[in-house]
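Here's the structure, in structure tokens; my notes come after.
Chain lettering (A, B and C) follows the sequence in which the chains are written, and residue indices restart at 1 in each chain.
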């Protein structure tokens, strides 16, 4: 009887360890956050070209991660990319209206993310507003093309 | 009703692959008696028990147990019928992950809702009957062959069945445990009013406990009767078996071509390719 | 001429018979799975399942975790030497985590499981068959499919995904040990690159689905081989070998199919 009790305990421990392992994979490895959606606020930004930006990419400010990309879709009115950002709620009512969103690249070959920098407008962005001032992703091919045509015209 | 036979086997045919095992076997097994089914090795005696237990299905013919056709029953009804049967296997077939006590308790636990104390009493009663109450905490691996068979017997009668099937109960036993088993089978049959079917080729022991005998060979019943009538039977096939003569209608030699030709003649053409 | 002709017909006949045997075995295995897996577990069933979880799951922990640790360490070592040529050693965490979660953890854990638990299941059930325990259980009026096979089947099905999670966790930790502690990759980029590239549904979820499929197939093969074997000592040893061979092949083959569906855009 005693042996079967320790066996049951072992199996219980095994299953709990499995669940904990899954939680570890979720939080630490895939970077899931458990924060509730009420603690964030939403902004939109339109870009002429997003390069290879992916949903769930980081949104940073002065290098500090302050949110992530929620969704990317094609805006059929202007035929550019509309990117929905989810930011920490503490930034709500803090970002000036003329803040700039630019798509940056981590290192030469790294993934792309969004960098925010604030302007000087006394008016601030509220939940659901759109950032007007954006800088598209640098696409290497376009850069080279520009360079070559400049050389040719010179 | 009590005089009606407990098991009726009618015109049973069964074969395994191309090998015909039974070709029209008819038997009636009376209620409350010990009936022995005997025959040389390899005549399908164990197969017959499996057919009675419903584990194998015959090609034709039927087996009635207490009026129910075993092979027409649903799976559920068959399992219900099996609760009324016990079977003692050649090897004992004790569950190796349970100790002696739990082995005997197994049928009680799965088929009844008896409280633990009652299960304990019943198990000790059955173990006492086979003389192994003291061995209750041993595992099957620690038992000798004869002890394992006695525990298996206690397990087979745990639910007080009406029918008990013995598959070669005396094979490979030393004379002492053989004597113990003969005594046990006899006593259990009298005490519990069981119908017993013993499959065996140990003549002396079987004759001493059987009320009625069937002798099968070549897929058919060749003789049946009480031990006394069979002993006096003049049929050479019967007397060869009953008196244990090495050669007779059942040949000593496996079929082969003549010995002298085989040993002195040309080697038979071997198959090429 | 004559013998050549009869020879080739004999071969074709044999091939046909093999095919029929194979179909028959597959059918038996299917019916067998269906009959074992259905049915509401009783209180007793839970206890039996728990018992098997111990044998199948808990006792496989050591081999799975140790292998996971080494595989993670090797991945980091190999990955580093390749990535450092491109100056991309920051992506080491991503490489280790994705290789483990998508491929190596489900596949290697399933192969180890087939060797450790699958062969033991086959041998155990085979031995019960050879010593007439299954037949005697049937004669007592208890269905061995429910009593013996079902708890083992379910225990295997639950255990392997848990073991796979353990394999991944330990492997990622092993990669961390080698990459960060030994080779000097920056700790922050090991984790953040991993977090940026691993998605819960696509990577961890699909890995778990793979693992569940492998668990079902390996345990099914193991218990069926045990139940269906020829009850002699030779039969048991053959069936044990078959379990390991068939389940390894099934795992690798199914892995290709599942990967093609999940990540190959099929």
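To be clear about the criterion, contacts are C-beta pairs under 8 Å (C-beta built on N, C-alpha and C of every residue); 3 or more make two chains touch, one makes a residue touch a chain.
Note that the structure is a prediction, hence the values are computed from the model and not measured.
A simple rule picks the central chain: find each chain's mean C-alpha point, then take the one closest to the mean of all protein C-alpha atoms, which gives C. The largest tally of C-beta contacts between two chains is found for A-C. Centres computed as Cα averages put subunit A at a distance of 37 Å from subunit C. Measuring from the averaged C-alpha position of subunit A to that of subunit B gives a distance of 77 Å.
The geometric centre of subunit B is 42 Å away from that of subunit C, both derived from CA atoms.
The set of subunit C residues touching two or more other chains is empty. For subunit A, no residue reaches two or more other chains under the stated contact definition. The multi-chain contact residues of subunit B, meaning those touching 2 or more other chains, do not exist; every residue touches at most one other chain. Note for the complex: subunit A touches subunit C at residues 4, 7-8, 10-11, 14-15, 17-18, 21-22, 24-26, 28-32, 56-58, 107-111.
Across the complex, subunit C meets subunit A through its residues 50-51, 53-54, 57-58, 61, 86-88, 90-91, 97, 101, 158-159, 161-163, 165-166, 168-169, 172, 191-192, 194-200, 203-204. Chain contact summary for the complex, subunit C toward subunit B: residues 3, 7, 44, 127-128, 131-133, 135-143. Put simply, subunit B touches subunit C in their complex at residues 50, 53, 55, 79-80, 82-83, 85-87, 89-91, 93-96, 106-107, 109-111, 152, 155, 273.
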